[in-house]
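In order of appearance the chains are A, B, C and D, and numbering begins at 1 in each one.
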Amino acid sequence: MINHPNKELGGWQLFRKYFSELWFGIRTLLKGLRITSGYFFSPKEIITEQYPENRATLKMFDRFKGEVIMSHTAENRHRCTGCGICEMNCPNGSIQVITRKETTPEGKSVRGLDKHIYHLGMCTFCGLCVKSCPSDALAFGQKFEHAVFNRHHLTKVLNQPGSLLQKEIKAS
Amino acid sequence: MNLYDFSSLTQSIHQGLSAMMAPAWVTVTEMVLVGVVFLLFYALVGLALVYIERKVCAFIQNRLGPNRVGPYGLVQTVADLIKLLFKELLMVHKADKFLFNLAPFIVIIASFLAIGALPFAKGLQALDLNVGLFYIISVTSLTVLGILLAGWSSNSKYSLLGAMRSGAQVISYELSVGMSLLTIIIFSGSMQLSVIVDSQADGWWLFKGHVPAFIAFVIFLVASTAETNRGPFDMAEAESELTAGFHTEYSGIKFAFFFLAEYMNMFLAAALAATVFLGGWQPLHFGGLEAFNRVMDFIPPLVWFFGKTFALIYIIMLFKWTFPRLRIDQLLTLEWKYLLPINLVNILVVSWVVLKGWHF
Amino acid sequence: MNHNELHQLLLSHFSEVEVAVGSQFIEMTVAPEGLHEVAKRLCEHHACRMDFLFCQSGVDVNGRLGVVYHVRSTTLKHACVLKCFAEQREGAVLDSVYDIWPAAYAFEREIYDLLGITFHHHPDLRRIFLEDDYRGFPLRKDFIDEINIIHN
Amino acid sequence: MAQTSDSHQVIIGEHEQYTINMGPQHPSTHGVLRFELSLEGETVVGVRSHCGYIHRGIEKMCEVSTYQQIIHLTDRMDYLSAHINNEAVSLCVEKALGIEVPERVKVIRTILSELTRVGSHLLWWSAFGMDMGALTTFFYGMRDREKILDIFEESCGGRLLQSFICPGGLMHDVHPNFVARIRELIPYLRKKLPEYDRLLTGNIILQERTRNIGVLSRQQAIAWGVTGPSGRGSAFSCDVRVHEPYSAYDRVKVNEVLYHQGDTFARYRVRLDEIHESLSILEQLIDQIPEGNDYAVKMKPIIKLPAGDYYQRVETARGELGVYMVSDGEKYPVRVKFRSPNFSNLFVIEQLAVGHKIADLVAISGSLDLVIPDIDR
């Protein structure tokens, strides 16, 4: 199939060239066929994961960035002081920290977390909020099935209702 | 060989009908019967081939293929067909309506016509014309008419480009298809498909016809792949260049017709190759191995026929999923500089062999 | 050629141009009228041979619109920076260097699109990213888009 | 349907041209890029490329982002070289601040960059096969790229967009399995790559379709600023890793892959050879990761670069990425310009494709390895 002008070649050489090229072509094609048919007859090589069926065994890597979560202890206590550093660091404005005035048992008035609002739909998972949090309140969750029918469901409140700050963390 | 003879069955149906009604009505009834059977067969084979193609390509590509609808995804193609039936039929602005609607039917009728002449088993053949081979070649080449019309009437440049490519391609490769079949016509001395099949009772032409028959077989496979517009010769579609070529503007069931016709043409090409080169429904026989031949005889001819056909279809599919697409000028170079000259020389050699009586 | 040699060379050959040693490159600042001529000499002079324009950026600093050319020699392996600031903000015009470095074709279209600097003798100066009827030049500091830009 | 009126008369001339739009939605433009083709029959006589369909104004966004926040934007330019883009910005900021990152960080950054390059080239190979009509290559390339993405995901948490390399070092330390997984990957890829050659490279159809198609001369490559594998296919020695080593490239042996033909096949071979080359770089580096767990230097929460302008070049999988930053000493940069490789590589297609067929245009644009978000930014 090569179209070189070979004026200087004699008849016999042209003839030989014609067939050697033909043979070369067929050989390369057969090589390719051997690979594909080889895979056809080796079903062990199949790598498809059957996703909804393997949900029970499907485990994401520990560091998988599925969503931003706030971990709570068994007593419904979180670690967020409401300082707002995550909000400042977020490049897309997907975090809103709403604070409220709280009074400590000693009678001091401190800032406490009211609502930590997280817009999943705007999040780009850059990880700056988790990295910059001074009290390690935020973390990445493993959940990855985020599809919802209404966009408003993507706006989440990360702190659980009625949750309090963990005792060992000092409120500011 | 006499184990599975369908001619007595067909004869008895014919006699039963003749006893009931006038000869003219018998013909009509038989035609309707055959038509209905072939329609069912057509749909069934089409759906099966789509499924097989998907599975074959999936296994080649380390995938599982369709596996959601039905066991092993068997009903997937039916589901797709239903989806296509419900889709809106789009019409391009300023398209030639009549031709636009006509084109898919031409394509599908062309492939449908050819089935009639295929010998599925002894006595199981609707039309045993004495020019059967010629009939099939001429009827299948009608497909290009539909493709050209589809491309022209779509009022889309992509479609037109695809159609023009297809025209150039099919017309050139038609030559090679005909020429490679000519070798077998010389060998068997007949164009009647039943005669060709019978002539292979003691061995398939692929084996009996020495090297020339093998060369003709390879050329036929390549040329018929090209003629059916399948990869690596899918110039007319050329997904990465022309988006979908001649059927870019078609949707819904009209697209399904093109789709089905493509698979049917592939089936026809493979069936023809199986009939002509691999003995059709004739079982595999080796001279001198009586016991082996006996065992082979017990396998029904339909199994032989479809087994051979699907083996060839597998090869054609393997071509598509392995090779890159050719460019249009390379495609024509391949035909006019390689296949055709080799074919012509091959025919000369075959004639010589037959004259000297060297073949088995 | 190392940093100092290049500095000396540029100083001696481009007397009309302000040559300074930056943190990374030798930086030359040229007036708009001398831009094309200096660029041509940079590219063609046998000791410079800056034949590869690897970056051309439009900037809007200190209230002035300008273009920064990063050029390199593929044979002599040295690089320098050429800066040129337009005289006025509205209707800023510079000479195109497309005929010297064809790579400027795309860069200049981008600068025209986003900063609104017109290039003389550019073969096809159209907007490249934004639609043709877009108003304003987004990368300018005085560009205001109330709807789409969130100011924090 | 016969058209009899004279107004519909078609003039058939010798040089009748027509225009066809390839894109913005087209299978072989790999994104939303539009080629406006002038054709004579099947022969291309003119190409005009139109971009900007997904222009997001990243450069403008950078002007209202702190230097840490820029990182996640660069991921989204050339998403197939996300690590390398991150590295470019990080290096530029570090250079401006005069920070020297720990040795360990340098080595890990280099390893991540090379992994990215291998992954990107694998994906390119898959897509190029698709462009040429060999549909199976796509899955083989993707299958092998998956192994690299797994390594990324385990360490960085993301598969495509990692935001892992940041000013001062890395976001967090690499996973303990990191080294072991790369040690597994190298022999695996070494085993699979000859298969690619047998399946596609050696194939007569591919060779015929790519040899002497879209020849880019060395002068043209330099003049138009075509860098990366596309430039190196034209013998334009432009590998930043060799000429201006950054991170840990100064301690490894990097062989620059150069081909002289300048055609589509040369560009194809450069990329395949670069996979081998990257594997050998990985092999050299994987034993050199210093012990310890320092993954970053302590940075201030708000980075302020000294006033001035800074330029940093790195070699992404598609060519030279330059970051030009102008700072006035505040926490936001005044101007950030990305000299993205694809933006420069794209416009040369208007010369390369002329005189070839449509199918060749697809091959040429495939061999330039265009990533549209990188063009549009």
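Rule of thumb we're sticking to: a residue touches a chain if its C-beta (ideal position, glycine included) is under 8 Å from a C-beta of that chain, and two chains touch if they have at least 3 such contacts.
Quantities reported herein were computed from a predicted structural model and do not represent experimental measurements.
Listed here as common contacts of chain A and chain B: D. Note: the chain lying farthest from chain C is B, by mean C-alpha position.
Mean C-alpha positions place chain C and chain D at a centre distance of 25 Å.
Separation between the centroids of chain A and chain D, computed from CA atoms only, is 21 Å. Remark: chain B and chain D have CA centroids separated by 44 Å (rounded to whole angstrom).
The mean-CA centres of chain A and chain C are about 39 angstrom from one another, to the nearest whole unit.
Each of residues 60-63, 321-323, 330 in chain B touches at least two other chains. Counting partner chains per residue, chain C has residues 150, 152 touching two or more of them. Residue positions 136, 143, 199-200, 203, 205, 208 of chain D are each in touch with at least two other chains. Under the contact rule stated at the top, the pairs of chains that touch are A-B, A-D, B-D, C-D. Residues 1, 3, 22, 29, 32-33, 35-37, 39-40, 43, 45-48, 50 of chain A are the ones that touch chain B when the two sit in their complex.
Contact residues on chain D toward chain C in their complex (touch as defined above): 51-52, 55, 57, 59-60, 64, 95, 222-225, 227, 236-238, 243, 308-311, 313, 320, 322, 324, 326, 328, 334-335, 337, 339, 343-344, 346-347, 376. Interface of chain B with chain D (complex): residues 57, 60-63, 96, 98-99, 157-158, 161, 165, 231-232, 234, 238-243, 320-330. Within the complex formed with chain D, the residues of chain A that make contact are 1-2, 24-25, 28-29, 31-32, 34-36, 47, 60-65, 85, 89, 91, 124-128, 131-132, 140.
Considering their complex, residues 1, 18, 20, 26-28, 42, 129-136, 138-140, 143, 199-200, 203, 205-206, 208-209, 357-360, 362 of chain D touch chain B.
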